[in-house]
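Just below sit the structures, each encoded as structure tokens.
One chain, chain A, links the two complexes that follow: it is found with chain B in the first and with chain C in the second.
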Partner chain A sequence: MVSEFAASAARNYTGTKAKGEAPKRFLKAFIPYLGLIFILVFFDTVNHGRLLAPRNFMPLVNQIFYTAIGACGMAFVIAQGNLDFSMGAVAGFAAALAARAAGIDPLLAAPVALLVGLVVGAVNGIVHAILNVPSFIATLAMSFMLGGLVLQVLDSGNIGLPLSMLSWDNTLLKLGTLIVLLAVGAIAFEFTRFGKHSKAIGSRIDTAIQSGVAVRKMKILSFMATGLTAGIVGFFAVVRSGTATAITGGGLEMDALNALLLGGMPISGGANSKFRSVFIGSVMVAILVNGMTMWGLGTLVQQLVKGVIFIVAVALSFDRTNTAVIK
Partner chain B sequence: MEGEAMSDKILLRTNAITKDFGPTKALKGVSVEVRRGEVHGLIGENGSGKSTLSSIVAGAQRASGGEMFFADKPYRPFSMLEANSSGVGMIVQEMGTIPGITVAANIFLGKERRFAKAGLLDVGAMLAEARMALEAIGAGHISSADRIDLLSFEDKKLVEIARALHANPSLLIVDETTTALTQKGRDILYTIMDRLRGSGGSVLFISHDIDEIMTRCDRLTILRDGTLTGTLDKPQFEPSEIRRRMIGREIKGAFYRDDYGKSTQGEVALRVEGLSVGAIRDVNLELHRGEILGIGGLTESGMHELGRAMYGLVAPERGSVKTAGGARIDSPRAAIAAGIGYVSKDRDKEALMVAASVRDNLCLPSLGQIGRGGFITPKAERSFTNEWVGKLDIKLGSLNQFCMHLSGGNKQKVSLGKWLGKGSDILLLDCPTRGIDVGVKAAIYKLLTELRLQDKSIMMISEELPELIGMSDRIIVFKDGAISKEFERSESLSEAVVIEYMI
Partner chain C sequence: MKRSLFAVVCALACVLSASAEGKFKFGIATFPSTDPTLLAITNIEKTVVKAAGGDVITDTPTASSPEASIASVERLITAGAQGLIVMPMADSMLPRVTKMCEEAKVYWAISFRTINDPEIKKLVEASPYYVGNCYEDETAAGYNITKMLAQQGVKNLALITIPKGDTTAERREAGIKKATAEFGIKVVGEIRNIQQASDATKAIESLLATYPELDGVFVVASTVTGIVPALLKGLDNHGKAGKVKLARIDFYAEMTEAFKANTMHATAGGHLVVDPMFATAMAVNAVMGKPLSRTPFSLTVNFMYIKSADESAKYFKYVEGAVPVYTEDEIRSLMLKAFNPNVTPESLQKLAASYSIDDVIKRHKDLVK
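Right, the complex of A and B next:
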């Protein structure tokens, strides 16, 4: 069609990108790497080289594992411009129910943890997408409710796991799980409709609706993704420590969020979201947590630092291109 | 304002005014002189910068560069109120009244302090003075105590005129106001303009209607793409010359469609039955294959809601929108499945994701087709995007360039390209040429003509009568949410006749 227009597309490139656009984009993409190098050098120095010592390899991998898995799910929610503050509580709830199930049959623990995550995620998604409750309110409320339910399930104590289950805390299994999740997540995020539609929702929800994106479905799916990954974290947390407690999984959402933001994902989501944020960000958060512990900083100070980093990262990454529209 | 200040003939002088909106240059150094005691016309296509220029003079926007002199003094208004107190009044094109308050409150908006009495508003005095202001312009039939919402569109415009004139401006700017007025309203406005000229004041009269400008103005400034292309005195007024300077080349009918044969009425593609939603009441219409159906009316006539309802964006209160096969359109997804594409009037907030690349935007509705087995490779996206960038001649820096950095015309090509790429057979276009330059406009008209010959169904909702008359096989005119008239394509159809059914 449009015969005269059938000219080579190349001729339309004016070649003059908006001034300064290219170097700015280059710089933006590299800030996370610079940050990574900085905290790596910083914490390795203050800890006298112990951070990168072979002995610290496994603790570091363990720390990366939880954060990266959480961030895998959270990436889709953030890309849509939403938040999930219930991940830690979901992980704890899944851990408690998995521990209960393990008392009946150890083989039930993993399926129960994943199922719990999926169901809670679906509820979050429905509350947000169908009842139109803002996502951070819906998930904060969910987090609050699950906190109560966990105490109920734990009978205000701890549940120990059958000793046989500790064998699940297996490095190979964990690495395998991590690699599979990262691969599936990366492909879904960058090369499928789920990922592309999620970014479209974050870019401009009205355009997404008018372009035929099944916005509600995509939203519910993304909260199911955070739920599922929280369930996985809950399961591995409980097999590592052998007991489900009231604080299992706590803070997962903060670590996952920090990872994505430090990895360069804008908190407002949209087209600028890249899955590579999950990789770099998780490594950064892991070094941060591990390095601070090694340095002898208490939990209190660590929480303070994480909170400050969160605020600074949001302030820096808030994508103004999405809000200031040139008419 | 008369007498002593008449020493100089020039009332307003702009010197090399520029205005940038991001990368878009709306004005590229425009110098205009408005003399005392003249009605000065300002004419140009949409997007030529005439409204930008007038709103800078009126203080609604600030220039990016250049200077202005008003009555020989440097003039840099920071707000419309400041311009007002300097002696510049303006009547705008769109609705310029504030809903929910009285007529009197609208007339004295921002000047309530004048009626302050011990810290309270002396409503009685305000109503009385508003009544006088209305009577002074010959609109004594409007009650100053009424809520403005009770008034007709035309009476609201008269209230605006009363407001502008009450400040006794020496320069009155009239920005495309007359398209929304009946003959009676126009006569009132023309009388006021003549009176102001007679008393030594000036009028800056903005319009795209050449006939009206030629009868009403003493001198005329023509703009094209933000540049001044000529200032003519009354004896030099000549329609073909004015048009040439507006458009930059000889236009021989070819701008719009030039066929006037009997329109091919193909089979029905989309059927609207008894539709009521929002302002729309009980509308029945059919969109055929191979036709361009024009929908005209005032902005508030419900015509924009009609487009939204036909795309399933709003649920009908009564009635339905169905395809020829009987499939109900009740959501954008259902509409897209039925082969419908919709381009919203709000290009930057609805039709496009401006903070996303040209590629992301073009591919969005078609991701299912582009992908193979659920996987969408960057290569497939690139070749799809390249194909449509080429076919539509979209000018861009790279495929990854964000749409916010494109010009209005290229943005519009991207939003059309989304649906052409999807292969949509029915296109619902809301103001498809709004705010884009003449060159792209011509390209879009040509494209629509070709799509029509390919048996596509096109519904074009437009606020611009020339394009409706020039492009449509049929024009359906909306007034107050209902169809007031249907016109068949005809060479003899004039804007004035169509307007009669809009107001």
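Right, the complex of A and C next:
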């Protein structure tokens, strides 16, 4: 074990690089930007300029908004080399409880959604970090549980919001929320102990432990971050549609994951994780979905394209020296 | 030479683009399915738009949910739709749709649904861009089908339906409740929110295990393709296909074979291909600058009731066959004010009330081979 550690340290820190490593790193670093420019130009061209037309601004903002918020929280989990498959279910559960709370008082909706997200996230973190259940199992199980709980909360139907809450779905509020979350997330990810320790855990967890990182605490905090962002998405989703349903928030985890991977975040996490992937990836996903729809590609073809892109993004970003993907 | 060629190409492009474009664009939300009945809905909507000289823009919602419907409406508006029809999953999504259509100055109508919530109804009907809705007497359909099952000896009934909050299903269930009370039928189980066909097989098997006395299954509403064959599989696995009476509101592709095999016992439907047609016509008239009414109005469409393979075969031949239930000429002369100034909400309602298999056979007996 010591000799393995020493060999790894030598690979990573003595600067000995294989031939062709530098151009490969350059490509990896700039592929997200090149990808973004490419799909922007491509889809704007095939759609005859409609993609970037002013009337498409709100649909694009709406698409970017939910994905970017989800990716903000997911970034910390991924940086640690973990996965969270419960985000969509958390968003749906938060939306359902927010809708119920709004029936009592509309002002309760947002706090309830955020609190639900935080609590569920904490439970996920505790189950993974303290009970040592692998993250994908813990969060997958949580998503099944929440799926059942949502049906109970909704009484097998859906709940409408008071009409007065319609005005809460407005551009300024959404843009403001997005900017604040991106700013806070970027600062936390790149400049705070939380972010740096998350990357350290993702790089080598045993090293992180030996370096004095409070690994369990960081893991719980990261899942609370995804829970919080899922709660925010759930709140805004229910305000937008006016209704909480059993499938509100569905697919959020895959959209967030796709966005992060397209934005250049390695699925194995670690030191190469960058917060910029949240924004770049979210914009790419939004342009992709919006552009394909405008172009007239059917849902099934869109799913196929998304799947292929997911595989390519994982293949390009996967750090093969850090093979324990799921911790 | 190059300049001349360039000029010719430009002129050709102008001519082609001018001749390729219709007078207006109309948005249609399609179904992510190859089910012939669902395709027939899309086709009849396209027929109306084409008859009026418009172009169709399509979008497929990613799910049967209010969020997906709203996102679909948004995309259609962004793609340039000047009119569209909406099938709302819940009343509470309508204020959002109303606002989006008003801001974009898009005329819209509702198909297959009424608005139950009085506050939302008032808000929607106050919009100058909302033209009205087309719907069926769902309560009567729920009642009549349950009555048919009672007449066939059903005493213990299971319901397969969709999540609460959908006004169509709620009205059907109200009719069922009335009929079960009147005819002494017990509802032993209710399954909601089936997302795929295999869930239906598991659900019916679970019901059969829990209630061996089950002798009737009523598919009240479902957005799942292939739900009836999936239910029949479940019944067949327990040797109950044909013994447990099966009924459904909404016709489906394999219906004739099911009646022949005596595994299907009562259905109501036929509205799927005319309701959206009328709703589209209502909105298209407004888009063309010839609104039928200054205020929103409602149209009621008849259900057809089918109890035999012969009736089912006739339905598919004449109503969902190669010739659309109304041809483009019929649509222009009977539904579009731009082509016939005598078209009014009353004349459309009279047309909707006359809808039946016999009516379609009478009109198309020389067209259908």
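One rule holds in what follows: the second predicted complex is superposed on the first by the 293 of 327 C-alpha atoms of A that agree within 3 Å, B and C clash if a C-alpha of one lies under 4 Å from a C-alpha of the other, contacts with A are read in each partner's own complex, and residues count from 1 in each chain.
Throughout what follows, a residue touches a chain if its C-beta (ideal position, glycine included) is under 8 Å from a C-beta of that chain, and two chains touch if they have at least 3 such contacts.
Just so we're clear, the structure is a prediction, and the values are computed from it rather than from any experiment.
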| item | value |
| --- | --- |
| First (chain B), second (chain C), both or neither touched by A:218 | neither |
| Partner chain in contact with A:267 - chain B first, chain C second, else both or neither | neither |
| Which of chain B and chain C A:123 touches, first, second, both or neither | neither |
| Partner chain in contact with A:193 - chain B first, chain C second, else both or neither | first |
| Partner chain(s) touched by A:232 [first = chain B, second = chain C, both, neither] | neither |
| On chain A, the residue positions that both chain B and chain C contact, one per complex | none |
| Chain A residues touching chain C - in the complex, by the definition given at the top | 50, 55-56, 58-59, 62, 151, 154-161, 163, 166, 169, 237, 240-243, 245-248, 250, 290, 293-294, 296, 298-300 |
| In the complex with chain B, residue positions of chain A that touch it | 1-2, 5-9, 12-18, 21, 187, 191-193, 196-197, 199-200, 203-204, 206-214, 270-272, 319, 321-322, 325-327 |
| For the chain C and chain A complex, residues of the former touching the latter | 32, 58-60, 62-63, 65-67, 70-71, 74-75, 77-80, 89-96, 99, 104, 117, 119-120, 123, 163-166, 192-193 |
| Complex contacts: residues of chain B adjacent to chain A | 21-24, 311, 313, 332-333, 336, 342, 344, 348-357, 360-361, 363-365, 367-368, 371, 374-377, 386-387, 389-398, 401-402, 404-405, 418, 420, 447, 450-451, 454 |
